Each structure stands twice: as C-alpha cells, then as structure tokens.
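Handing you this structure, nothing more for now.
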C-alpha cells in the first residue's frame, strides 16, 4: 500500500528518487555480548548463585549419609543418594522430650495455622470493611493506635498477654496461640482490607443501602464476592507469617503443642553428642516446605502481598 | 534545504508493524505537524527521529547527516514532552543548565544561553523556583526552555499541550506559534488535536496505522482531502458522506444515493467518473447552503434536530436515507419537522472511490 | 429542627452504626487493652523488682541501673548497633542496585525475582540453621576454601566472638534483600518514563541520571523501606537463636533475646520489663521523627 497519494503531490517525494543514501541503515547493530549486557546479566547471575547456594547445600546435605558428609565438602553432590535422613527427621528425631520426629510439630503447626489464618482474616476483614464504609466517631483514633501498635516490639506486650491468657484459662493451649496470632495480625490485615474496600466504587455500597441492605448483608452479599484477590493476598501473608513464627510459638504453648519451627530449633540446637547434619538439613527443608510451596504457587500475588503488608501507613 | 529527512523508515515490535516504510522531507524552518489518533504511530515516529527508539529499517538524516545510529544528544535536537519531564528536585535554572553542565560547556556560555531562553519565554522570575511551585503553563515553558538552551536547529514536540486545560491550551498554542515566527527553527509537532494542527502547521502529515495518509498544507488538507480517512478526520462536525453509484444521463454525471440523484457535473474530477462506479460523495457541514436559490445542486430535506450554538446553528437532517449535518452562520431557527432546501456546491465537495477510498 | 425531634436524636446516635461498632470490638479491644494497656503495664512494672511473678513493689530506676551495668546487655546493644547499621546500608545499596539491574528490561525477570525473593518466604529459624551449617568451620565454607589451597583462610564467625555478628548479618541479608529489591523496583517503575527520555536527550550519562535525578525522586520509597528495615532490625531474635544461640558465649546476644531469657528463663521479670522498655524507646526514636515528617508536616502544608 502506498504511503503517499499517487496524484501529483508535493515535490518532497521527488527526493525519494535518491532513496537510501550511503551510511548506517536500519537497526543499530547491537552485540549480544555488549559491555552493558555482561554487567547486567553477569551481576544478576552471580547474585542468584548467592541466593541459590544455601538451598542447594540444604538439599544435597540432606541426601547424603553421615560418613560421606564427614569426608567430603558441602558443595559436592551426593555420591549415594539416601532418603534415610528425611525419614528420620520426620518420624524419629529427638527433641529434649520425645523422639517422634518433626511430624508432631508439623501437625501442631497445621492446627495452629489453619484456625489462626481463618479467624485473623475474618476479624480483620470485617474491621477493614467497617472502617472503610461505616465511619463512626473514634474509629480513626482506634485505627491509628492499631497501626502505631504494629511498630511496637512484641516483647513489650508479651507478658501482659500471658497474664490475660492465664486469666482466660487458655495460656499454653492452641486456642491461646490462635488468639495471639489474631491480635498481632490485626494491624497489617486491617490496613490491607481497609485500603482495598475503600478503593471499591462507593456507588455499589450506596445502591445497596438504598435497597435497604444492612451492615452484614452488604458484607456477605456484596463485599465478599468482589474481594477474592485481597483475600488471597491476606491468606498468603498470614500462612507464611504464622507458619514461620517462632517467638509466639515458644512463649504461648506447652512443649506438646510446639509448632514446627520451635521443634526444629530444638532438634538441631539442643542435641548433645553426635550431630546428624543430614537429618538436621532434612528437618530444615521440611519446615520450610509449606511456605516455599505457597510462595512458588502464588508467584506475583506473593510479591503484592508482601509489598502491601510491608508498606505500613 | 531539507532539515530532517526520513527514508523508508520501518519499525516492528515483533510481528506488529508500527511504522511502515515512511518517507518524509522537512524543510529548514518548517513547522510540521504529525496528526492522528492514538496508536497511529505519530509519537513513535517522533521518538525514532529523536533517537529514543531504534528503527527496524530505513534511515534518518538531520541536516544531511546520517544520524540513524546516533544517540539523541548527538543529533542536534531538542525535545519537549507531554508531561514536561522537568527534574523535580532541581530549580528551573538548574533544569535548564544541567544538560549543558554535563556536556562541560563553559559556565559563561551556559549563563548566556539560560538568560536568553528565559527572556524569550518570559520565565526570568521563575528561575529560582522548583517545578512543583509552577503552574502547568509555566512548566511547559520551562520544558521548551530546556530545548532552547541546547542551541539546536530542530525542535521536537510530543503532544505538549495535551495535559493542559482548554484555556491554557489556546494561550500556549499562540505562544508556540509566536516562538516559531521569531526563532524560525524547524519544528516537528505531534498532536491528536486538529485545531492545533490547522493553526500551527506549515504542513500537516495525517497518519493512520503507521502510514502517512496525506502530507500537505492545512488548507489543502481541509479543501482537498486525499482519502476518506483524512476527509473524515479533519473538520468538526465531520464531513457528510453519501455512498452511491455513478450514473450518466444526458451528458451529465450523477451520483445516485438511495433514490436521490446528486448532480456532480461541476465536480473537478481528476480521473473521469465511470458509470456504475461505486463512490462516496462528501460535503462539509459548513459548505452546504440552506434555502438559497441557485447555490448549487439542490435537494429537499427535513430537519430532525437543531443545535443553536450562538454564532452558528447546527442542523441535523435526513437526506437520501441517512443523517447529515449542516452548519449555518447566524441565529435563524429551523424547528424540527420543517422542510428546507439544501444546495451542494460541487466545487468544494469531495468524491472518493468506494473501494480504494481515494479521491477522484 | 423543632424540639420534637431533638429528644430522639441522642439514643439514635448510639444506635447508629451499631453493627459497625460491634464488628469493630476486636480492633478496639486490641488497640486499647493490648497495645496501649499492655505497653503501659510493662513500662510501669519495669520500675518494680518483680522476679518470678509480677509484684507491685517499686524500686525506681533500679532495674535500669542493673541493666546498663550488665555486660550481656551492653554487648546486645553493641551488636544491635553494628548489625543495624550494616544491615541498613547493605540492604539499601544491594537492594537498589539489584532493582536498577532488574529495571533494564531484561529477559527472565520473573525467574530472577523468584530466586531473589524465595528466602523471604522462609522462617528465620530455617535461615539461621542453614547458614549455621554453611559457616560450619569443619565442613562449611572455611573448609572448602582451605581445601582449594588457601590453608590459612579463616572464616568461622560462629566461633569467633569478634566477627560473629557479621555471620548473622550475612544470613539476614540473604533473607531480606529480596524484599528491598522488590520495593525499590516498584519505586523505580513509578518514575515517569519521560524523565528518562529527557535525560537522554540532554545527554546525561546513565550513572549520573540515577544519582542526581532518579534517587532524589525516590526519596519516599527509600524512607519507607528504611522504616521497614529498621523495625525489623530491632526485633531480631529468631535468627540469632537458631544460628548461634547467642554464642559463642554471649558474643551474639541481642536485646530481644535478653528480654526473653530474663522474662521466661531466668525468672527475672523486672529486668525483662526494663529491657523491653528500652527496646520500645529505641523504636520510638526511629518512628516518631518519621511519623512527624510524613503526617505532621503534611498537615502544616495543607
């Protein structure tokens, strides 16, 4: 298709008769191995090695037998792959008290994480919804206190919470720990949900009120169905944070309820005598497996959740 | 003497062709406007000329020097952006002088150029302020100033007025025209606004889908659009189009549209109209006369809606089975339902071939 | 409004938004009872000599005097300062450089990001244990380098009191820089593309564009990131417990660990309260100026 009218236009196009002159033409030649590319990709690859190395060493160590570990270096791949350390870590490793492996801690963590995630998200989402759409006197003040509280080191508030839980009769139980996680999850999650609900079109809310819907009806019928993305982000945040928690797990539970992280630390650091490095590494991987899976599966959403959770206020 | 030349310029993003073998010659001191709607490639072409985008094929010449592979700073251009792109942490003075300092121009020379630019654009009182303290119009002047101090011959404008409100837009439009008249530099200006194009340009290049549809001065584009797209793009409200067939009767040519026969014998066709040829007849709303005897080929039509706008009255009527508009000067009212006599002056009309969409 | 309606306004004001108020009870309770109440309680009791159980027997600043005389606490503070400073500087620099590289329209961006961010998904316990193993002098990095020829290479932070805090630093950076990179990248992506173009037309070299134009424009992101990193630094606990258990000896003690050990292991609540109050003061020193800059100053301008 011609780019110009074929009927006697301006002389400008006569210049087209000496079309392409000498000299550079077309795309500037770019060498693949240009200096810029080497610097950029080179640095990124070296950095990636720094990040990947520990993972590699973890896996490799967990698949070796102890004799091989004592002889070789940690970077060498296993000459003989054995899964025995994994079995041992799961079912037989000893903490100070009993020797039934990490499986106990795993199920504890599950029992802690699932209710904590559900309740903390339920409470915070309703809170965020109330703050975004139903402002009442003092609401902003309480919210500000909540956010400021997120910066206060946990250690400052731990003992009063111990007392409160003792009075309620749930100190040392899973229930108590769930309550603690709900409390400390509230600032970030409420902020997350509040910002999200505030970003939804106000007209929807107004139309529903004109139709006569009340607080809870609007929440369940209108807000929830539209909020799947933010709930997913909140879940990622909470599952990762609660599963990886150590401090609350060790303060607020009894040994038989210790989550996986606490058990892991006990297995590795409080064993006297021969250290079984391969079992330790297997145990470490097992503990990290759940949040890593969440991470790899959720991809972009994880980044969004962390950025949202990390940006306070 | 040509200032900027583009030869067989093509740009592909993967499988998508954004610019298609473009050829363009811009004279020294000319104000050329690249006009089109979003996605037509006008900004892309400007960025290629600036050197901010690599081309896939073709060449670019500035002052007869092949700059196809040169960095923007070596091309002898200055550029003004839609969002002004002023360095927010620096004062106006530093914004103007920063590039020169980096290029190690002597301080005395820098001061001289900054002073001159500030005078031309009347921004002397603003020199110590930061961009956040300036209004939109002031920011745009500083942006132009940044290009001025570079002491170059070619200025590139990428939709500089699109971020401003209507009033500021018309003020700055006049300023830019005044600037061009006093500096007489080559200016290449990208916009989607036809008013800017018609008022500022020495020549307009109307673009669509990466191809120049017509390159001509504003009046030619207005009076003799080369194809259907250009005809419909320029003019507000846009040209009325009637699709029909050519008929020959008693030695005169007609275009028959849905039972109505327009006498187009007076139309200065470039190639002879063939009977049976499918064509599109175009007439601008402001060229159609109402109730004026002897003003051209006449037809009866009924008024559907009238839109009195103060100085003009815009009528919407039905003729030949379709809706059309007529713009009349004055305040005479034509109530809906009334019948009027429309006259078409074929001397200022346009006829296009229905398939190729080109002007006949 | 006539007098007739006036009487009915007051009860309405309480009933209005009743549902919202009921729904917000958890938030209100948490904010008031736990955050405000709990903090105040701890601070008050830091002036007592509680041992195993809290006792309201005031002893003035006694706990604080003991605290600041304790070598273990002094080492904790010193460690925190060193760790905090380097953590901040390295996190910001590494994070920004990585973000700048990632911003170059590279291929495999998602892959690189996944690799750099996955440590953040792990617990500090996992991180600490992994690096404990890597830094093991007998089998870990030291032995590898020695076996390659540098027989006098010494890198055993976990057994060397002088450099143990750097061992912890390496692990912390491994875990945290991915996040900083993501935040910086988001900030970089928020910069108007026309600024880059203008700088290119002006002929300003890349590195100068970053230093003099882009970074000043990202002031907000830097400050936010700084606050996030800083609040994480003060809380460092799990990592130390896992990697070194505070050792060798007390060389890698940190305030958070001091608090826990005295509160729950040494049965000296008073000391624990005093130490945690000091932690609060440290955080306040960081947060209050920032909050004032972000919110207080804004109100003046508005």
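By written order: A, B and C. Residues from 1 in each chain.
In this text, a residue touches a chain if its C-beta (ideal position, glycine included) is under 8 Å from a C-beta of that chain, and two chains touch if they have at least 3 such contacts.
Here the structure is a predicted model, which means the values were calculated and not measured.
Q: Which chain has its C-alpha centroid farthest away from the centroid of chain C?
A: When every chain centre is compared against chain C, the largest gap points to B.
Q: I want to compare two interfaces, B-C and A-C. Which one has more contacting C-beta pairs?
A: When A-C is set beside B-C, the one with more contacts is A-C.
Q: Quick one: most central chain, C-alpha centroids?
A: The most central chain here turns out to be A.
Q: So the centre of each chain is just the mean of its C-alpha atoms; given that, what is the distance between chain A and chain B in Å?
A: 52
Q: Between chain B and chain C, tell me the centre distance in angstrom, where each centre is the average of that chain's C-alpha atoms.
A: 56
Q: Cα centroid separation between chain A and chain C, in whole Å?
A: Roughly 16 Å separates the two chain centres.
Q: Please output the residues of chain B touching chain A within their complex, sorted ascending.
A: Counting only chain B, the residues touching chain A are 2, 5, 7-8, 20-25, 54-59, 61, 66, 68-69, 203, 211-212, 214-216, 226-227, 270, 358-359.
Q: Quick one: which bits of chain B touch chain C in the complex? Just the residue numbers, please.
A: By the definition above, chain B touches chain C via 47, 50, 52, 71-74, 77-79, 81-89, 98-99, 102-103, 146, 150.
Q: What does chain C use to touch chain A in their complex?
A: Against chain A, chain C makes touches at 16-17, 19-21, 23-24, 26-28, 30-39, 41-43, 45, 54, 97-98, 101-102, 104, 106, 110, 112-126, 129-134, 136, 139-141, 143-144, 147, 174, 178-179, 182-183, 186, 224, 227-228, 231, 234-235, 237-238, 241-242, 245, 256, 259-260, 263-264, 269, 272-273, 275-277, 279-280, 283, 287, 291, 294.
Q: In the complex formed with chain B, which residues of chain C make contact?
A: 192, 194-195, 197-205, 208, 213, 216-217
Q: With touch defined as at the start, can you tell me which chain A residues reach chain B in the complex?
A: Interface residues on the chain A side: 1, 3-7, 9-10, 12-13, 15-16, 19-28.
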